[in-house]
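The structure that follows is given in the form of structure tokens.
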Amino acid sequence: MDKHVIIIGGGIAGLEAGSKLSGQGYKVSLYEKSNRTGGHLNDWYKLFPDRRNSSEVIEYFKKIVSDSGLKIFQDTSIERIKENGNGFSIYSDKGEEVEADVIVIATGFDLFKSSRKEEYGYGIYDNVISSSDLEAMFRAGEVVRSDGKHPKRTGFVHCVGSRDEKVGNLYCSKLCCVTAVKQAIEVKELDPDAKVYCFYMDMRMGGAYYEELYREAQEEWGISFIRGKVSEVGETIDNNLIVKVEDTLLGRPLKLELDMLVLMAGMEMSEPGEKLAKASFLKTGENKFFASADHHFGSNLSSIKGVFLAGTCTMPMNITETISHARAVVPDVIDYLEKKG
Amino acid sequence: MMDKFGFSISKGRQINYESNDRSIAEYISEKEPTFRLCIECGGCSATCTTGNFTSFSLREINILLKRGENEQVKNNIRKCMLCGKCSLVCPRGVNTRNVVTLAIQAFHNSAGHAV
Amino acid sequence: MKLEGKKAIWSEYQKEIADDRYFYVRSCIRQNFFPGSEVAFLRIMKDVLKKDIYEHPCHTTCSGIGYHGDVVPVETTMTVVARQFAIMTEAGYTNYVPSCITSFGLYTEILETWHHFPEIKERVQENLRRATGREFEIPENLAHASDIIFKFRKEIATQAKYRLVNKYTGEPLKVVDHIGCHYAKMFPSKGVGGAEYPYVLAGMVEEWGGQVIDYPERRHCCGFGFRQYLVQANRGFSVACSREKFESMAPFRPDMIITNCPGCPMFLDRWQYVIGEMEGKTYGPNGQGIPVFTYEEVAGLVLGFDPWDLGLQMHQTSCEPVLDKIGIEYDPEEKFTLNKTLAKAKKGKIFV
Amino acid sequence: MQFDIFVIPFNIGLYFILIYSVTRCIIWFRDLSRQDKLRLQRGFFGRAFVQSLREIFMESLIHRKILRSNFRLGYMHLSLAFGWFLLILFGTIEADLFGVKHLNPPYKAIFFRFFNPEHGRTGFESAYSFLMDLILAFILSGLLLAVIKRFYSQIVGMKKATRLKVVDKIALTSLWMIFPSRLLAESLTSGAYATGSFLTGSIGYWFASFLPAAELAYPFWWLYSISLGTFFILMPLTRYMHIPTELFLIFMRNSGITTGDKAGSFSEVQTHACSSCGMCIDVCQLNSSLSITHIQSAYLIKAIRHNNEISEIAHNCLMCGRCDVKCPVGIELMPIRMIQRRGSDAENTFGNIYGGYLREKRPGSADKSNFNHSYDFVPAQEPEKADVVFFAGCMTHLTPSIKNSMLKILDASGLRYTFIDEDGGVCCGRPLMLAGRTREARELINLNSEMISKTGAHYLVTGCPICFKVFKESYYLDLEVVHHTQFIKMLIDDGKVKMNFLHKRVVYHSPCDLGRGSGVYEEPREILQHVAMLEHTSFEDENSLCCGGSLGNMNINSFQKRKIATDAALKLTRDNPDILATACPLCKKTFVSATSVKVADISEIVAESLNHVNVKQEHSPMLNSAKELVK
């Protein structure tokens, strides 16, 4: 059991794969670029579809990490993987070089930077925020505009940075719709007579109980869904937002004034992941995510034998899928190590 | 004005959400919450008996009311024969017959006095 | 409004503008809309900025008005443009400066087309050779006249006699900038500041002391569109566009509007009168309308040129309120009699 | 002259209620339409009189209908009504036989024991007082049940007792006080004079042993008189007014007067004949499946009488008619609810109603807004000539298997038919009627009638009971309207179609509008017996359940409708049959999503079992042309 496994990325995929492997007795070291593990899970307060508190899931990870004795190196980002002999060596930003028999990449995703959609005015207009900003507000307990007032009319713009050729992301990030519906309900929960609008192209509510949440949002919370891609946003003299959209089901343009606009940012390949791929000649797909060796039965294998992939570094996934995908890497790694002898 | 300049300022097709009167839609959804469940799939207008003869579409009426474009609905809503095929087809279980009845009631009331 | 957000975007759209030896090409209609503008531009370039700017006597229209009006096929337009470039090369210049936004858009479009489809460029060369026997070169730098003024806005500011500041209140004048759509909307990277928050006029206003207004409908078309105002049946749309903009900017109570295109100043200015007549509604402080200027007129005013030399009396919405605010002296009688101006012109001392 | 002042309250009450009831009946009679007046007069002197008397005896006194459906509740009513009648009857005879003189005023008979305390010593007299005690005991046993029902209604087999108003409660207590106070009064008097029989005598003897019986009796006689008096005085304000009103109602009904579709004297009599007994609440599936218990007919009628908010009550009902057939008083509940739905949604369409003692003239429902035709857009139809018109109806278009089965059967019939609403057609109008919009329904009815009459057909066949009921009741068509089950039955009888026997166990759900609504029970059952092994359920004919999918109720949502459907399906398929058969597209569509048992329309079963051999031979040339046209 002297084989050495290196996990790159301390998000939930890395933690899951790392803990399971080190639980099997392998020598596992996990490298995380930031000073905390758990990745994006820390930014989310309540999780869809049942709006359970994310701290419960974080507790789960703390426990499996401590139980399995997984060794974690924080504040070190891995920049290159090079094959040497029948193993690999990785190079960190602090100039360290570490050998390993097998590498599991779990670099995860980055939330799309909403400022890249200029016409929506993120970072320019005071009350245009992103879904993660809103989630932080939920954690703080109140939704507040820049002028400190509570928004009476809130709008959610779906597909920001996804399914959008102008920003180079043709794919659908799968989770922004259900997140928008969840957050819309939470806005109404905090202020029952607020008006909430969701501007969508298609409602993609594909997971378990997502569609039920959508029905609840409509019937019980009275959230109105307007089918149309928001074209541009302007700011009025009192810092409200004018949204221009066409109500395609009615076939007419619609102008609406809102107190706050939330942009549902999509998921993109993480920047460090991209750098690592380029430096290590790992194949990435047209959607810039790591390209799995085979979509159906080889989604954990990268283009280099011995380098494995886990979690959202391959494609947008929700937490359940990420954990299952990370667990799937463990037997692959073990088989690989056994065969390597 | 036309005579002076030979043309007039064209009226935009843009729906001004704020100034439209959505009291009829609110009246309906308060008494029939399933009205809010409509996802505009068009199942109802596809099977509609009246829709067979005219451009009457319950899907369009739903959204017109929700956007406050009541004028168009007012002179169309009575064309519904209340036969109920739409409620049998609706994937969201919208109580369509009650929506039509409440709409007629609301128009009747607002014609008589404020709803 | 977070300004640093805008600056971040502006920094992404840096455009390379030549600093001398310009080959200036006039606009077909700007003289009859705002006669003083192009003359003022040449005057500023030569006398104030001491730049070498040459205007070839045989340069023609770019035929863009025909191309956009669906009258002239694109290849004919390309051959006309090729001829323009040819006489530029013959005159020994390589920096091409069109005065009209629509033609700037057209030149950019043609250069992009040639860049991606060199075979079309060969065909146009062949057409030009057969038609005029001339050869042409792609200009090294293509910049709109407002880009040039933007580039030297600091030099103009240093020589400025006035600031865009309200003399009585000391407040900077609230200025609405309206960029011609053909400037950056088609090729965002070819406009200073990109398409969403273009900086070319905003830069001038901020440099000369004014404060730029950002109102919701700032990207909305001014109503100029050839097929809109030319065809009477569509003219109602043209006015509706302008009114949409005025309704949206009204709450900000702007003092003046600065533009850089042949059509926008014309229609934003004229339609205010028409809207006033049709609907009895006027905009701007105390309902006297919002004066509309071209950037050359504003540069001229800031440099202290005589308003009537700049042809401000041709404006539909009288500009006197802005002139008073800035504190520019002007002779009210002279507005339409023009005796002194004619006398000055005889002695060749216009624009002093 | 035997008299005591304590009888005064009783007399006041008695004469008041008699005079009041009679005047009210006269007023109602005066308001009747001319034909109804004639019918009533003929009813009084014709065969109907005897029939009414018999019905009064069987229903008003014995309450046979309640006994049959709920014995304990029936016994309670029997004992109170019939018992009291016997008490009055034999009391009068007693006073006549043993009293001072014959033909005594009523108080003499009721308070006989007070005026003749000595009575009851000789053999015959004691036997008679034994009989009186027996009747009193019989009444008291029913009274005991009534008290229990008020507080623990399950014991009496009632899910829920009707909620009462305050004045109802006072009248109820006074009713309950009558017979116990009589018992005590008679017992004390008997005790004092050692008379009385097994009941009053023994109690009296026991009282006398430790109480001054003679002095104590007098106040109880006062109590007896006062409780009678208050009960009679309050009766018009309470549901007990149903006692006299029902008698008048029975006479009116037996002389052939019906509710029709306008509020009038007969419908007013009916609303006052309702005793709020709660039987309609018990059978209502909105109650049993959805525990909705504020809209049943009892409350509708109470709302009409007291002019409360009516529109939600009137419209929140499946219109299945189960309560209509169960109402012991025989009130036509469905027509009354339809009248209420027809009125403008908020107002009460009953012109004049006795809220209290006096009649309140209420403004009739204002005529609707200016009537503009709603359905001018329907193009005139040019149907082809045929002997039989098949009208599928809106619902059948959504159940194509029924439509195809019907076409197959029609082909097999060899008759010249036309599928008149094949490309959609116009709705039959009944859903609009169910929503109270009769004028618009009338427009559709005219459109359809015109179209159908152009075919010159002799038969109109429709697969949907909802269309069938409106075709029969509201259309004026000079042809015979038949439901497809009736049509198939005719084909079988004429031997036009031969069918193979399906070895399948089948239960039959009788659609509300076909069974209760139109009285068609036998044909469907006979067809099913002819084709398959029809099994019994405890919900047949008049007692059939409602599938819940009714167009009559717009106030309940799809989950509630499915709950009714699932509950009903569970009951119907208790012995898990192979097929749950019905004869209505809407019932089929509703049941399909509520049970795993195969649901099939009778036409589908018949079409499936059609003997194909037979279909080929009998192709008449004329039919071929008709068929090509149709396909």
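Residue numbering begins at 1 within each chain, and the chains themselves are lettered A, B, C and D in the order written.
FYI, a contact is a pair of C-beta atoms (placed from the backbone, for glycine too) under 8 Å apart; a residue touches a chain by one contact, two chains touch by 3 or more.
Small disclaimer: the values here were computed from a predicted structure and weren't measured.
Chain pairs B-C and A-B differ in how many C-beta pairs they share in contact, with the greater number at A-B.
When every chain is reduced to the mean of its CA atoms, the largest separation from chain C belongs to D. Taking each chain's centre as the mean of its C-alpha atoms, chain B lies 48 Å from chain C.
Here the CA centre of chain A is 64 Å from the CA centre of chain D.
Between chain A and chain B the centroid-to-centroid distance comes to 40 Å (mean Cα coordinates, whole Å). One simple way to say how far apart two chains are is to compare their mean CA positions; for chain C and chain D this gives 86 Å. Taken together, the chains touch in the following pairs: A-B, A-C, B-C, B-D. Partner chain B is touched in their complex by these residues of chain A: 203, 215, 218-220, 222, 224-225, 227, 247, 249-250, 252-257.
For chain C in complex with chain B, the residues that touch the partner chain are 232-233, 235-237, 239-240, 243-244, 274-275, 277-279. Within the complex formed with chain A, the residues of chain B that make contact are 12-18, 29, 33-34, 36-37, 39-40, 59-60, 63-64, 66-67, 69, 92. Across the interface of their complex, chain B is touched by residues 345, 369, 372, 374-375, 377-379, 394-395, 397-398, 423-427, 429, 431-432, 435, 437, 440, 444, 551, 554-555, 557-559, 586, 589 of chain D. Across the complex, chain A is touched by residues 1-2, 5-6, 8-9, 194, 196-197, 214-219, 248, 251-252 of chain C.
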